[in-house]
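Heads up, there are several structures right after this.
Across the two complexes that follow, chain A remains constant while its partner is chain B and subsequently chain C.
Let's turn to the complex of A and B:
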């Protein structure tokens, strides 16, 4: 079937919306990696855990999943702080392999916890007030995705403001730049790390709330998003929020167009191929500093 | 600095000793656990030493291996299959008194987790065989896992009664594989036959048809069955869309559906992808006249209905099992399952119901045909192939959608057939080939 122009435009629009949500998912991971140097392989699994929590809250409260972020964001901040204190802090400064093993272990714990509590059954929220389309002249807008994209952009801009215009943000950037000098300058590096890790996990709680407005939860959701967020970060390079946004949208659009023009079966492969090609020519990523 | 260096070295040595001790303890514990879990040697049937007259061997139990995916994304099916096996074994052992031709031998189940990959399924089978040497194995629901299991059971000459549906599992020339359930292409054919029958009845023209399926060998085989039957009936599908079972967003596929505007969508989901698709289709507002599922997974099972809600209303799916079949044994087993597990048995449970009951009836036959060595795999195979079952002479047949079971030489049931369920008022109802009492199929979707 030869795709029509409408279909291509629709795919691009869907991809852009999805890209914004991906950028929110990747933001927490980017913060943790950029400031702490920790590769958190459990990041996707926190999104999975958040999705299940959203399912429980939304079904009990009979509310739209997006509203559950009132609970998930602070709760996940606390969870992030607890995981940092108990699991991450002891391995700071240790060999990277140890840090990787620890975060992979956390991921497996979360997966198996979900399997134990929910078995392997997927869960979807029944009361989703935003899960409908609005037809415009040439395209249809999925309202849930539009709202998710809008809120994701707002939050990303908010985090950017925090990092660039506030004293806390300055301390975070200083720690990311050189933690020893930051410490010598009076910055409590331990508290900064706690804040950053907690914030990174809190952002997964928000991403889960938005994801569940049109998605579903299953114990293996983490593996779907975990690798994707890494690709987005590596593709964008550590070049700040703009790089993250751009690479997320690129990945979202490539995925969407691949599903439409080639086949949904290879929709995951093509972004990874594009990622490899980009890194071949620009190892620092599209927006990273060389 | 040298003190620091020597203390760092001392810590490193101590740590090495600690790690070494922990590893040693773990190895010893592992060996002890492994040895304690090994079954005692099987008591070999006693044979008479004095008189040449026949004395039947004493068989206390028949070991039935159950290999199903109990972890991973397919665990929802595997767990239901194991629940069903336990129920049927309980009925056979306690209500029916065990296998009477084997002196009342009881069925003893040995359950292993097939995991999520062919490698894990093969390992589980090896473990089951080396630890317990079961007489018969049932499993493993997912076709590619079952193929890995069959490689082992065929080598070990252990009869495998499969609950996986892909056609080629009985086309590889294996001697010890058997399948009572209708194969995948039969599911596809049934879905088409149902839709065309209903379309003719309601004068609904079918101009545009879309086939949508997950891209594993299962989805592909069912979809091939759909395509073949459509073409045989003079309808060329307009498009076929495949996707990975792990898909997270149906947006682009919904866009293609909107562009194509099909009258009928034949869909072959696994489970969670079906929920996602149904919700995405509902959100899109696209009015597809009918969505016909095929393959026995998704849409009309209680878990899918619970998660997808009104999104799956009026969806149908083909099933290898008919929970509404009004035979004595089917009603009894369905009621027992609902009482024990709180839900209607669906695909995974249904296949095990009649498969394990078939094994029981095969064992009865083997005991009569080969009293000296009934559990010999070749004798079991001969007994299985000799059975010609129907509602009047068999409990297994009463549990089967067509009411008839007879295996061909390749182990396939010659009377394979499906039932079709539709979600009506949030409940799964059997609508085809015969509708449940008081139920009228809804076609097309309002």
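Let's turn to the complex of A and C:
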């Protein structure tokens, strides 16, 4: 069977929308890794936890999942700050393997907490008002994906503005560049770390609210998003929103095309093979410098 | 090798076999407990294989079940479809897993992929195999048809396979102890502690990391068949990402490079898992894994050397006691 051109165009469009949301998911991870050097293996599990929270909230408040971000974003900032204080700060100076192990532990706790509370059943929000298609001439637009892509882009530009145009952003970038000198210049590095980790997790709260407008909550979501966001960072290279956006869209489109043209069961295999091969030849990422 | 090194490598293995042999008698050949003992021994073998790449060489490998699945499924399918004895199949399994490790490891180490990127590449490898095997094997569970006898390494009761896996575990323990006392072991530990310094003193870090990876993968490919038989079934889910992470957790909680620590951690965690699953599994699925997560965080923060300091002191005490007894 040769797929029609319409089908291919449709899947590219869906992939682009998904890619924007992926870039929002990866943004927090990228911040935490870029500024603090912390390798967070629990990042995807925060998105998973957020998705369940959104499921509960949206069904109870009878609202669209995207509106739950009013709750998820501040709540996840607090959770992020708490996890930083309890778990991340004690291992800051230790070797990477121990840092990874600790975040793997956090991910394990979150994943199995979800398994205990919700069992292994995927859950979708009933009261989503954006989950419909608008037909254009050749393709139809999934409104929930369009809205989440647009909001993701808006937030990414907002974070970019925060980092490049404000004093806090300057302090964050100074800390990322050299934390000792930043500290000598009067920047409270501990506070910056708390802020960055909290912000990183708050962004996953927002991403979960947007994800649930069309996606499902599942205890194993964490492992797939966790690896996927790392793959995006590896492809994009650190230190720029344009690289992050480009690699997210590439991953989204590859995934979407694989689902349409080959099989949904290998939707991760192809981006991951690409990731491994890119890592060999361009360890700094496709869009990274140096 | 002088007799002293030989005894320090051989004695722990002999001890494990002797104590392990007694277990079926102690539990009165209760098949539930013998199977549990078998699964614990298999888990300890897997974790000790991981110890070579993760513990000695310090590479956070998250692909253990890629190698177990590939080697194990090859041996099992050869037996099911072509009546090939697992005695041959297990070596072929070791061979195919070693080949995969070489194909993946050579470019990884050639291009200097380390730390988090190494961990992610190996985690991606499991997902790739998982997805590809859904296409190849189909989305079902395979049950092994009942065949019996030493030719198939499958028996009506679990004891014989348990004894066999004890010998395998003892060999893996000896191999670990041998490596830790040999030139390879010192090189690997040097690489783990400081890769740049190790390279500066002339260690071929690529070669030794690749060697550690291939040894680890061939052990896993070999015991894959025992793992599958002890689970009674295999499918695309044998290529399990969470299980691979679990192996690394045992290795870290046990203490990197500590044979006694990893061995103890594997047994204790397996028994705790079974206990919690038996008593609370119906009510709270995943509780044991949640507790392991907490344990891992606690070990990382409070005791990065893992259980090893505890078990090492214990092992030393036993050793001096035994030596002292022999002298009298």
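Structural remarks
Following the convention adopted for this analysis, the second predicted complex is superposed on the first by the 289 of 290 C-alpha atoms of A that agree within 3 Å, B and C clash if a C-alpha of one lies under 4 Å from a C-alpha of the other, contacts with A are read in each partner's own complex, and residues count from 1 in each chain.
The rule we apply is simple: a residue touches a chain if its C-beta (ideal position, glycine included) is under 8 Å from a C-beta of that chain, and two chains touch if they have at least 3 such contacts.
Predicted model only: the values in this text are computed from it and were never measured.
Model built by superposing both complexes on chain A: chain B and chain C clash.
Shared-chain residue A:234: touches chain C; no touch with chain B. Look at A:91: by the touch rule set out above, it reaches chain C but stays clear of chain B. By the touch criterion defined above, A:115 reaches both chain B and chain C. Looking at the shared chain after the overlay, A:279 reaches chain C, while chain B stays out of its contact range. In the superposition on chain A, A:100 makes contact with chain C only, not with chain B.
Using the contact criterion defined above for the overlaid structures, shared-chain residue A:265 touches chain B and also reaches chain C. After overlaying the two complexes on the shared chain, residue contacts for A:131 are found with chain B alone; chain C is out of touch.
Residue contacts after overlaying the shared chain place A:158 against neither chain B nor chain C. Residue contacts after overlaying the shared chain place A:39 against chain C, while chain B stays out of touching range.
The single stretch of chain C with clashing C-alpha atoms against chain B, selected from 60-68, 96-104, 150-158 or 240-248, is 150-158. Residue overlap on chain A between the chain B contacts of one complex and the chain C contacts of the other covers 115, 119-120, 224, 263, 265, 267-268. Of all the residues in chain C, the ones that touch chain A in their complex are 58, 60, 104, 107-108, 110-113, 115-117, 119-121, 123-125, 127-128, 131-132, 134-135, 139, 241-242, 245, 248-249, 252, 256, 284-287, 289-290, 292-297, 299-301, 304. Of all residues in chain B, only 71-76, 79, 215, 238-239, 241-244, 246-249, 251-253, 255-256, 258-260, 271-272, 275-276, 279-280, 282-285, 303, 307-309 touch chain A in the complex they form.
Of all the residues in chain A, the ones that touch chain C in their complex are 39, 87, 90-91, 94-102, 104-109, 111-113, 115-116, 119-120, 223-224, 227, 230-231, 234, 263, 265-269, 272-273, 275-276, 279-281, 283.
Interface residues of chain A, counted against chain B in their complex, comprise 1, 3-4, 6-7, 10-11, 14, 18, 115, 119-124, 126, 128, 131-133, 140, 142, 144-145, 214-216, 218-221, 224-225, 255-257, 259-260, 263-265, 267-268.
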